[in-house]
Structures are given as C-alpha cells and as structure tokens.
Amino acid sequence: MLKAKQYKSGVKPIWCPGCGHYSVLNAITKAFAALEQSPEQAVLVSGIGCSSRLPAYLNSYGFHGVHGRALPLATGLKVARPDLNVIALGGDGDGFSIGGNHFLHACRRNVDLVYVVMDNEVYGMTKGQASPTTPEHWQHSKLTPHGPEVRPFQPCALALAAGAGFIARGHSGDPNGLAQMLFAAVKHPGFAFVQVLSQCVTFCPEQVQWKEQVHAESVGTDNPAEAAHFLHSDDGFAKGIFYCNPRTPWPLPHDSQATDLREGFRL
Amino acid sequence: MLKAKQYKSGVKPIWCPGCGHYSVLNAITKAFAALEQSPEQAVLVSGIGCSSRLPAYLNSYGFHGVHGRALPLATGLKVARPDLNVIALGGDGDGFSIGGNHFLHACRRNVDLVYVVMDNEVYGMTKGQASPTTPEHWQHSKLTPHGPEVRPFQPCALALAAGAGFIARGHSGDPNGLAQMLFAAVKHPGFAFVQVLSQCVTFCPEQVQWKEQVHAESVGTDNPAEAAHFLHSDDGFAKGIFYCNPRTPWPLPHDSQATDLREGFRL
Amino acid sequence: MRNLTIAMTGSGGTGVVALGEMLLRAAAGAGYYGILRKTFGPQIRGGESAAVVRLGPRPLASFCGEIDLLLVLDWSHFQRFADEIPLSASTLIIEDVAAGARPQQLASELLAREQGVQVLDFSGLAQAQGSAHSNIALLGYVAAWLGCDGEPLQSAIDHRLHKQGAEVVALAHSVARAGAELLQQAPINLQPPDAGAAAESPWLATGNQLAGLGALEAGIRFVAAYPITPASDALEWMAGRIESLGGRLVQAEDELAAVNMAIGAGFGGVPAMTATSGPGLALMSEAMGLAVASETPLLVLDVMRGGPSTGIPTKSEQSDFNLAVYGLHGDAPHVVVAALSLADCHYSVAWATQLASERQTLVLVLSDQFLGQSMQVLPPLPSLPFHAELSRASLPPPAGADYFRYLDTDSGISPMALPGQPGGEYTADGLEHSQSAVPSARAQDHEQQLAKRQRKLQSLAASTQWGEVSALPQARILILCWGSLFPVALEAQQRLQERGTPVTVVGVRLLAPLPLESLLRSMQDMAQVLLVEQNHQAQFAHYLQSQLTQAQRAGLPELTCYSRPGPRLFTPQEIMQQVEGLPRA
Amino acid sequence: MRNLTIAMTGSGGTGVVALGEMLLRAAAGAGYYGILRKTFGPQIRGGESAAVVRLGPRPLASFCGEIDLLLVLDWSHFQRFADEIPLSASTLIIEDVAAGARPQQLASELLAREQGVQVLDFSGLAQAQGSAHSNIALLGYVAAWLGCDGEPLQSAIDHRLHKQGAEVVALAHSVARAGAELLQQAPINLQPPDAGAAAESPWLATGNQLAGLGALEAGIRFVAAYPITPASDALEWMAGRIESLGGRLVQAEDELAAVNMAIGAGFGGVPAMTATSGPGLALMSEAMGLAVASETPLLVLDVMRGGPSTGIPTKSEQSDFNLAVYGLHGDAPHVVVAALSLADCHYSVAWATQLASERQTLVLVLSDQFLGQSMQVLPPLPSLPFHAELSRASLPPPAGADYFRYLDTDSGISPMALPGQPGGEYTADGLEHSQSAVPSARAQDHEQQLAKRQRKLQSLAASTQWGEVSALPQARILILCWGSLFPVALEAQQRLQERGTPVTVVGVRLLAPLPLESLLRSMQDMAQVLLVEQNHQAQFAHYLQSQLTQAQRAGLPELTCYSRPGPRLFTPQEIMQQVEGLPRA
C-alpha cells in the first residue's frame, strides 16, 4: 500500500505558484491511495495545456498526446486494454473547444473511463485567451478585446444531454472532497465526467474568489429529467455528484466462435 | 416573384427514387418562394453526403464543402457577408458525427444562420453505416454487425444544452409543414436548427413507417427548462418548433474609430 | 493462353454488377482465373453501373485496354463509361432487346463495324418464367459459352442469392438454364478464352479483403476507423472477424478520433490500425506526427481515390503519394509501403503490421480503389512470417529505475514498456523529450531524438521486401513503378517480349525510406528507365529525383516519366506505347 | 559600424524580458538600430527567461553567435540557456549581488576568464527606494552606458509602465536614475556600440505584427483562427485593429473550423486568412485541399516552431516545409511563400494576400518563431502595391446563362462570381467538376481541371518577387537559403567579404511554384552552391533537387547542403565555417 505522495514521479510541475492544478494532482494521488491503485496499472492520458502536463507528475504510465484528443487516445487504450485503469484529463480548452466532439461522443459511447477537466475558463498555456467556459464579457484577452460575447458552455448539462452516466463537479480548493469524487468516478462502471473548477491565478486572478462561491449540493440523482432541471438552473458553482446512473459500459461482450479467416475466400 | 419550382437549378439529383431528401429540396424552394428570396442573395452551404448534394439542385449560390464542415464554412461566409441569407445543411453523419463540434459551437455562437439536418439515422452516401442517431440495435451495417450498441444522439436536446435559440423538427413526409418551419427559421434572428426526419429508403426501408409515427406538437416555448423537460421525454417523432428564444445574433456591433495601423510601430 | 475481357453495362436495377460477380465465380469454378472490376456513377441506387470481367487460364491481376465482348442490358448512360470501356472495331456486342436506344454517337459506328451487334431476347426469356431478371438469362447464356453452366454456375447463383430463399434461387436456376439453352440457337461468334487448371481451391477476393486478412493474420487486434469510400469494405471485412480473435473494431466519430484511438491501443501494446482514403488521411496528419514523436506503433491503410479534395471518390488514382511521404509537420520520418497487386495487399499490410511494432512508429500502406475493390480469382495465399507481437516481445524489458523509454540505442529502437509492466512507468510524449521521456527543449535532446528516430528506419532500406523485380536477361529498358501499376507493367513486359522487346520491371513496395541501393542496382545496366505512375504531378518521379545525389544522378540512364491521373485505369498498351516511344529504345 | 550583443537572464519575476524591451526602445530613441529576442522555459510564470538585445548603427535583422555583455539578475536555470547564450572568453559579465550561486559548470571557467565578473548591487539600489525592481536599476545603468538614459529611457519606461499608474512610473524613473548614476562609480569595461542616425521615426515591431500589418494593408478583412504559439500574437495584433477597417476576427473552436471559416469568407469575396503553427497546419490539410479544388482564395500563415508533433512550441525551426509544399491529398498545386526577414513578413504576407485572390487558391506563408516573435528597430516600411480586392475586381463579370465558373481559360484563371451577383449563381465544389461547376467523374473533366489549376500558378515562377539576391561581382560561391536564414546569410556574406571571400546570397521567397529559371541563373556562374536551412532532413534541398531535370542538374555546380534543426538559432559564424569548409572554396 502506497501513500498519496508515493504516486508522484518527482518531475517538478511547470505550473505557476498558486495554480489550481496542483490540488488536482494531489487529489488524484489521494484517490489512488484510497483505491490502493498499483501505479503500473493506471494510465493518465491527456491533451495539451497546463493541465495536460499532469501525467508526467505521476508515477503511473501516461500519454501526453496532442491538443484535444485525450479522449480518443484513452478510448482506444481502454478498449484494447480493459485491464487498465484509464483516466483522461485536460483543460477546458482541450476538452470543450478543440476536443468538443470527442467529449460528446465519449459521453454517449460510455467506455469505462474517468474524464477530469480542470476548468479554469481560460487557455492558460497559450497565455490567456478565452475558452468555451469563459464568461461572456471577460475582456482580458487581446484576441477577443470585447470579450467572447458568447454564452459560456455548460459542461455538465451537455454531458447529460450527450448521455454520460456519471456527472460531478469539484473544486481545486477542496482536494479531499475532490479525491472522494474521483474515487467514486473510478468505481463507476462506464464513462464518468468530473468537472473541476481549478483556478488560473495568472490569467484569471479573480478566480481565487471561487472558494467563496462554491457550495456543496447533495443532488445526486439517477433521473435524467431531474438532473436536467437541476443543471439548467445551476449557477455553475454547485459542488457534488449531480447524476449517477450506471449502465453496462461499452464495448459489450459478444459470443463469437473462432473463425477461419481464410474460409470465405475459398470458392 | 418566383414560383417554388423556379428555384431549382435543373441539375438532376443523384438521389434514389423515394429518398426523403427530395421533399426537403421542395420544402426549401417553397420557403424561398414564400420569402420572395432572390436566388443570388441566398447561399446553401453543405458538407458531404447524399443530403449535402442539395445545393447544386438549387438556383442559388452554393458551396459543397468537405465532410462535416458545413457550419464553419457557413459561419465564415455569414460573418464576412451579413447581407446574404446563408443556409447550412447536411446529414446526420455530417452534422453530428464528424461535424459534432461545430454543431455545438454554432449553437452557442448564435450567428444568424439556418442549419438543416436531414436526419435519416444512417450514412446513406457511404452505403449504410450507423450514424450517431442510428437506433442502438440496428444491425444492418457490416461495420457494426451487433448494432452500434450506443444510445442515439438527441440532436434537439443537445442543441438546447449548447445554447441554440431556435429548435425545430420536421418530417420529409410533410414538405408544406417543413416549408413553414424553414420560413420561420430564416426569419429567426440568430442560429436556427431544424432537424428533418428524411427517410433513406435504400438502407433503412423501415423509415417509410415514420409517416405513421410522427405527431405534431405545439410545444413552442421560450423557456429553456420547459424545453429541456420536453426534449428529455420526447419520443423523437414530435414535429414542431420546440424552442424559440431570440437573442441578438453574433457578431455584435462595436463602435470602433478608424485606426492608423502603423501608429503603434512608431517609437 | 488466350485471355478475354467481357464488359457489362446497365442502369440501376438491371443487375450488371451481380451478373459480373456470378460470372466470375462460375468461371472460377470451371478452372478459369480472372478479375472483376465494378464501376458506378455517383448515384447510390438506380444510376448507371458497369462491370468488367477478364478471364483466362493463368492468374490475371490487371486489365488490358481491349474489350472483346460487351453485354448490354441497358444503353442509357453508356456514354458515361466511354472512357472506361473503350470499344474497338473487333468488340462483339450482344444486347438485350429491351436495352433501349443505342447512344447517338455510337449508333453509326456500331453499324459499320466488323463485328455486328447481336440482339437477343433475354428479358423475354426471363419474363416467360415470371422473372424480371434478364441479367440471369444473360448469365446462363454466357456461362454456357464459357462451359461453366453446370455446377459452377449453380453454386455461383446459390452463393449470391441463398439469403433470398429457395424459391428465388430455384427460379434463377431455371432462368439461367433458359439462357444457356439459347446459346444453341444463337451461338457467340467468338472463341471463348482458354480455361486452365486453376489451383486446388482457388480464392475469390478483393484487395481490401486481402488487406484485412494481412492485418489480422499479422496480429492487428484493434481497429478504429471512420467510413469512407473506397476503404470501408476493408473495415467491414475485418469488423465481422476481429472479435473472434479477441480484438475490437470501433467506428469512431471522425478520423481524428479514429487515428488517436489506434495510437492509444498501440501504446497499450495491442497492434492497432486505421484505414481511410485521401480526405481522411489529411485529417490524420497531426496525430500521425504524434505516433512518430512518441514512438508509438501505428498502421494506417490509405485506399487512394481521385483527388484533390473530395475529388472522385469512387475511382482510382495514385495521388496521395506526396501526403503519405511528406505530409507531417516537423521532421517526422516514418515508413510508407505500397501494395503491388491485389494479392500483395495481403503481403504488404502484414509486413507493415510487423514493421509498425518493430520500429515503434507510423507505417502507412498505400493501396487504391482499383486494388481495393477489384475482385480476383487467385491461388490460395501462403501464410506469412510477419507477426506484430513477436517482434514487440523481442525488445528488452525495462530495467527498473534506470529505465529510459527513449534510450538512444545503436539501432535507434528503444525498449518499450507496456502499461501494466512494473518498473516501466513513463509518459509517452509528443513534446520533444530527453531519453528518460521528460519534456525538453534542449538542442542536445532534440538532435539526439531526431537522429534516433531517423536512424531506426534506415536499415529498412536494405530489407529484402523492398520491392519486386521481374528481370529479363537482355533487357536494356527498365519500367519502374509502384503500387497498382505493377501488374499492368508486368503485362506490358510480357507483351513487349512477344514483340521482341525485353524489358525489366521493378515495382517498389517500400517507398520510404527509399531503397536507393536496390534501385540504383536495378537501373545501372539499363539504357533507359521509364517511370510510370497514376497522378498528375509525377509525384514519385520527383521524389526519386530528390533522393539522388548529383553523382548518383549523373551515373544513371535517362529517366523518362509517364504520369497521368485517374479515373481511367492504366493499360498495358499505353505503357507499351511509352516504351516504344522512348528515344533509343 | 560596431554592433554589440547584450544578453540578460533571470528567473520569473526578475523582469529580464521587460528589461530587454525597455532597453531596445530606449536605445532606439537614441539613434540605435537593434533587435531583441526573448526566450522562455516551459513555465508560464516563475520559470527561467532570457532576452538578447543586439544594437548597432545600422538596421540589424539577425543575431550573431557572440555575446559581448551578459547581465545576470538570477543565475538559477542559467544552464537551460547554455545553447542559446554561448559565452566566450571575451564576454563581459555583470551580475546583481542577489543573483545567487553561479552555475557549477561555469564557476571555474568564469574565474579564469579574460573579462572578470562584475558584481553590482542593483537590488540594493532598488530597495533603497522601496522598489523590488532590480531590473530597472540595471536598465538605468546600461542605458547610461549606451547614452540613452535621458528622454529615450524615460519614454521607454513610460511606454511600458504607464498603465500601472503615475506612482509606479515615477518610482521606476528614480530607480533607473540611481542605476544610471552607478555607472560613474562602476564603469563598464567595454566600449558601447556605435549609435547611428536612425531613421526619422524608426519603428519597433515584431515579425508577427508586421505580418498582420501586411495582411490588413493588402485587404484581409476576415480572420478566423485558433490560438497557438507562436502564431497567436499575430492574431492578437490584428484582433485589435481589423474591426476599425470593417472586418472581423473570429476565435474558432479549433483549426478545422478556423480554416473552413476563412474559406467561407473567401468564397464570399472577402479576403480571408488564418494563422497557425505546425500542429494546426496539419489539421488544416484537408480543408486546404478544398480551397485548391474549389478555387477559393485562402491565405494561411504558418509561424513555424520545433517539430514533429507538439515538439518545441516556443522555439524556431524551418521544419514545416514538407507539410507546406506537399501536405495535401491528391494533386493539389498551391502557392508557398516564405518571409525572408522581420520586415519581409510585411512584404511576403501582403504579396501572398494579393496572390490568393488573384489566383483563387491557397497561398501559404511560412514564417517562424524567430521572425514572428523577435522585435526589431527598423526604418518605417513603405506602403506596398498589393491589394486583394483590386486584383479580384479585374476579373470579367459572369456572363449570365453562359457563365462557367471553372472555365478553362488560357491563364487557367476563371471568372469568379460572388454571391449577390445575379447571373453568377454556381455551387463551389471540392468534388471534381466540369467547367460549369457540375460534379463530374469523367477523365476529360478531371484532366482539364487538374491542368488548369496547375497552369494558373505556373506564370508565378517568373514573378519578380520570387526572391532576394545580394550579389557580389567576384563571387564564385552562392549561399542559397529561404525564410529566416536570409538575414543570417547576409551577415555571413558581409563578414566573409571582410575576410576576402566574396559570396552571393540568394533568399528564396517563392517556394512553390519554384522559380527555377531564376535559381538556375543565379547558380550558373558559381563554383559552389551552399544550401542552408534549419531542419533535420534538409527538406528544401531535397525539394530543389526534385525539381531539376537530369540535364539541369548535370550543368550545375556542386550543391552542398548544411542543414540542422532548431532550437539553436543559426549564426553567421556557422554559415561562414561551412563556406570555408567547401571543397574548392
């Protein structure tokens, strides 16, 4: 049995001091300790972004792929190697902007993965442009000087509409709570989506206020209509497991006899 | 004033006899007649698929782009040329599989476009593979011999969660009703999504039954929670304008004085 | 040694494609070898279609430019195939009474021809039995002429129609018999091709199916793909079989997902692939670079079609060469292999499967619509010695704390740990990295890793699988080609020899890294080298030139390049014409 | 004519980059020309960073390998820049007392050097005034030495800090003054560079900004893009300005959307572009083919970084050449242009903007991180005669019912109707099509359209803008390069001439179609040709060879290629060394 700290790789994170992603890293190691995860059986798969650097900081296997493609990479791995505990992770830009299509289809496909999005409502790595979850009138990027002027994405509501069976939101200010959530997500059979409010102190210093804004909710339901209702009236700062409705993960097992591949070619 | 027929180009459709897409073509010409649309001011933009061949059959401008990218093509055109009436269209594969990300972001971005998806729950053009809207246990494709085994996409529910301001569903069996819907969609300021159940007689002959299954609903609402409730309990065959909540289309106008581009370079 | 080519045209519903398939199968049953090509208009159903069957006593891997017999069930749209079905004065034409008006342009020409047009009442024969299938009557008629109207024809019909029930099959048998009987009253004024002694149990297969076979036999156990013509049927063939081997096929939401899924599986140690065509390959470019940089095995099959852009989706062309060889950003060395025939789809894909695992990188296989979708009668293919897992297993296991995933070894190949293996934990990365897999922007690491990734492929250029050489002792002319032009060039070789012009033919299987020494050796004693390829820009020819040093180039015979795009298939005749037009040939 | 290079290093928070920028601006105000390069570690904040400023009396467009003065605010991580800041025995080092321990490897070397290490108390100076900004004290000190510590320094500080309020500015002024005063007690044991008579009102700009300027001035009115280093700041510059010209910039959800949006706008007649770097360019491959096939104007700016895959995002390399030139599926001719200097980003992008509209196709411009993110003092750039709309308007209007969008004209350019124009209605298509824009799979249409799309670019190869030639009369050696190596080669030329070796330098701006005649002309009288480029595989060199016929190649002088990857910048010295190592030079 390993302690939480023993899941770290020793590679020093590149993150800014105060970045929320540190807490997510800690929450993962805590969850691993609780899960008694053997490091070689876990694989952390990510895209590109500050958040996506995380796999290298863990003592497990990892794949730091290309921007936006953590989910297909993880899907291929998990389908090919169902014995592994595969956790996909990344940022809001990686997951909801360039990776939006894979997010939808992963929710629907329901492969037994955990997907953690460290949502800081900004592109940290590329120095502060708006992401899909950026507030409509946030004017701190030169690329969108008037603000995005577009309504922010609702990741949890979308996950529900797309068919995800486990939907939760955590906060980097509460790594213990987050660790528990991740524990549940790993245990959940099928696709589990965890949105983590994880502040970017460099480009959105206002996010340190989040610790005052988040509020725990115990709305856990397995009823999609109830969940939809809740998520459509949500202020974005509720914390908790909102929806949990396990179904058999994909791919389903099929009976198939051994085939002579060459059979069909013979006249 | 042109008659509906006068909006056709004379190029003979490649569609199979009985294909639902013929009716969608007719519905568009009817809507154009009702709108007194001048052909040169309308542009039909599509991706790839049987459905996406439609622009060539109209007398307007058109762009038959690449698979899945009708919406960005249309978005660029409309933002650059707000004077035009831009209608994006295509199939369920084009729009919800490869094009899923653009669908989400177009709903959210709310550019003043109409997007018509001719949903036949199959890839017609490539000879009958499952699409995102294909029923879970449809086993008629050799590519997915056990069926997709994945829950079908809910295009309207997703459009709502993604932020679309106009959401409707029509049926190719009712071209007049569809024409009225398209009329309303064109008049709607901002992004308008119209899902059309349009049968593929060749690969899903069972879809001719749709005409018995569809039922008109007058649920039009501007309340997202109500709409969400309805769409989450929908059987997929309701017809009508489900949600209509206009907001100012993107891009918003900004005051901006003429700038000397070279100014900032001087010491 | 007489071969013969039979073309069939009709519009949707007349069943010419079914006719072609049953005819090929029946002929194969009677000892013929042969090959079948289907061609369609853009319509999914109800449009024009055609099939061309070539039959003879030896395996036939290509078509020639001549049509000996044209069977017409419906003349409408015939002009659309004018390029693909070139009639000559000696083409015998047999048409159904109900075939409709002959095409204007052809009408006068047809009347003035050496061989007349024979009009027969196949529809009437069918109708007399209550069937609408004039194609079956025609099938019986032609089968009788070929001498395969007995058991071979019956089982071809059974094979095609058995799912439609016993009644349909019985009716078809009797319509076919009526057609066969017609031959006695209306003989075909043409000698049938020679039948041979076909192999014990010959195979009937398309190149796409054989590619799938090669992949699965060599160990592919994960496929992710997005449907696209003309690659889909390779995927469909695998989809029905991979699960019985313990593998899985995923229909992905798009090509970006497909290729990344395959990379994920490959990272997990499961040999993985995707298949696509030009537009999909373009979309995969970024992720293919990831496979290169992260050194993850990845097999990509590109079944080429006419380009650029959506182009001509249902027709063949060799125009994705540039994208396949050069289309990644950064310095991204990888392997590109081209299948040299339908049967070679099996070989090339199996070899490529092993290479991807062995070299831990992207291996691209180029096939094309012609290879992929044509159907051939061929002798049973041998089992091949290519195995993805074996070659993977031969790598040294990671050595605990000192394990360097990207170790700079002599061979350039580093030990690859697999998830689940304790002590091998590392994070694969598309960022440049040090030997220990930690991201690095240092010049030293970058140069080391770039060199290593290049080096691990270099030895491949010397592999015996690099290509196929068909040498003739006195040849002073070399025909150099790649991919699906190889069988065409071989046929040109044979015909040229008959005319007293011996040529040697080389088909290049390994396009990158280019097997330069072997190529130079094959060129060295030649007076002329003719490069042939099927694209507009002579893509391979330019590439070959780019790889030669000034000195090498100076020492070479003159290189002449004959390159033209699809959709017309290459014929032996046009290659012969080029050979005969060479300066001093 | 003395230039001088000053490097500054620190860790995050010490403000070396701000120091560099203010120093360059202050120096420019005092008549210096100069260039600034910033370099960062992977950290967004708090990591290591460095700046290098080169100053002199004439415009400086490149860096040399020598560091004359090293200013150290913090030694930690210095080793990370060892490749980029090569110290020599004659480098003068000035460090702040609080700079921390000198790096192990350097410590003994530093003690044994010709120039000592001067330790000064900049942090103390700042602290004495209640400021934490030792960088400002150092700035004042160096500015005094350069003679720009008066008004020029003040306005450089104002420019940088005015947004932070009057108090901050006032404090900075006084800390800077204290630094300046320190010079009297502690003079710098090095002669400052010569100041010149800088242009009337010199410019300070990065290549990315100048690319943006070129685009907007030539008529770009629509931009869609997805952020990526090092292209984002070109986009950010345009974002703040395009609306005042009536245009729009859209931040797209990904690169696939970005490039398709730009194509949509281009189809609408609005000159449109996107900008990206390697990974994004790879994702755009499919849609770029659409622009080619549908003949839609499209400008794509690729600011290259280290590859393959995510590679080295913040460093420069010329390794996207292959992807840019070859990376589309099918036969897809298009234009590729490379910017030859920071100032040339303006010229090349403006020209490319016009070309895209004029030739109705994809024009790719290659810039790189060095050009894009370095900042230069330069004379005001002239207005250019390139205009996208003008050239578009010169096309004949569609002629009603007979309008053929893809008419096979002599020039290959067909009249392009714009939506809104009655009588011009057509459907642009990526499917192969006839002249009248109706989809077609016929060989005749395919060949005609392929030839037309190729032909419309061919005349470009003869355009006067093809490249820049800096010829010396007696030169028998040619240095051939492209993109950002041109200024480096020019500096090598100048230094070689000083040593009595005259060479000619050619920088190729038009990479595709290749201006072969001009290149052959420039090579013909040479004894040696040295190709230099910054990538691992010698991508351009191979391409050049691929374009030469056997005869052309035989007639050429020997071609030697010197190619190496980033992240190290190329220096004039290493090019000189190559020239001097040439066989008979």
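Each chain carries a letter (A, B, C and D) given by its place in the written order, and its residues are counted from 1.
One rule holds in what follows: a residue touches a chain if its C-beta (ideal position, glycine included) is under 8 Å from a C-beta of that chain, and two chains touch if they have at least 3 such contacts.
Since the model is a prediction, treat every value here as computed from it, not as a measurement.
Chemist: By the contact definition above, name the pair with the higher C-beta contact count: B-C or B-D.
Modeler: B-D
Chemist: Measuring centre to centre, with centres taken as mean CA positions, what chain is farthest from chain A?
Modeler: Looking at centroid distances, C is the chain farthest away.
Chemist: Please identify which of B-D, A-C or B-C repeats the interface of A-D; the criterion is that more than half of the contact pairs agree.
Modeler: Match found for A-D within B-D, A-C or B-C: B-C.
Chemist: If you average the CA atoms of chain B and of chain C, how many Å lie between those two points?
Modeler: 37
Chemist: Taking each chain's centre as its mean C-alpha position, how far apart are chain A and chain C in Å?
Modeler: Roughly 42 Å separates the two chain centres.
Chemist: Could you state the distance in Å from the CA-based centre of chain C to that of chain D?
Modeler: Their C-alpha centroids are separated by 44 Å.
Chemist: Note the residues in chain B that touch 2 or more other chains, in rising order.
Modeler: Residue numbers touching two or more other chains: 64, 66, 68, 97-98, 100-101, 104-105, 132, 251, 254.
Chemist: Give me the residue numbers in chain C that touch at least two other chains, ranges are fine.
Modeler: 41-42, 253-254, 256, 279, 286, 289-290, 294, 309-310, 429-431, 439
Chemist: Would you pull the chain C residues touching chain D in the complex into a rising list?
Modeler: My answer: residues 41-42, 80, 83, 256, 278-279, 281-283, 285-286, 289-290, 292-294, 306-315, 317, 319-320, 322-323, 325-333, 429-432, 439, 441-444, 446-447, 450-451, 454, 535-537, 539, 542-543, 545-548, 550, 553-554, 556, 558-559, 564-568.
Chemist: Enumerate the contact residues on chain B facing chain A in the complex.
Modeler: Listed in rising order, the residues of chain B that touch chain A are 97-101, 104-105, 108-110, 132, 146, 149-151, 153-154, 157-158, 160-163, 224-225, 228-229, 232-233, 250-252, 254.
Chemist: Under the stated contact criterion, what part of chain D meets chain B in this complex?
Modeler: 25, 28-29, 155, 201-205, 209, 213, 216-217, 221-222, 224, 241, 243-245, 248, 250, 252-254, 256-258, 260-270, 272, 286-287, 289-290, 294, 380, 417, 419-431, 437-439
Chemist: Report the residues of chain C in contact with chain B in the complex, numbered from low to high.
Modeler: 41-47, 226-229, 232, 235-237, 239-240, 249, 251, 253-255, 279, 309-310
Chemist: Note which residues of chain B are touching chain D in the complex, please.
Modeler: Those residues of chain B that touch chain D are 9, 11, 38-41, 43-45, 53, 55-56, 59-66, 68-69, 71-81, 83-84, 101-102, 104-105, 251, 254, 256-259, 261-262, 264-267.
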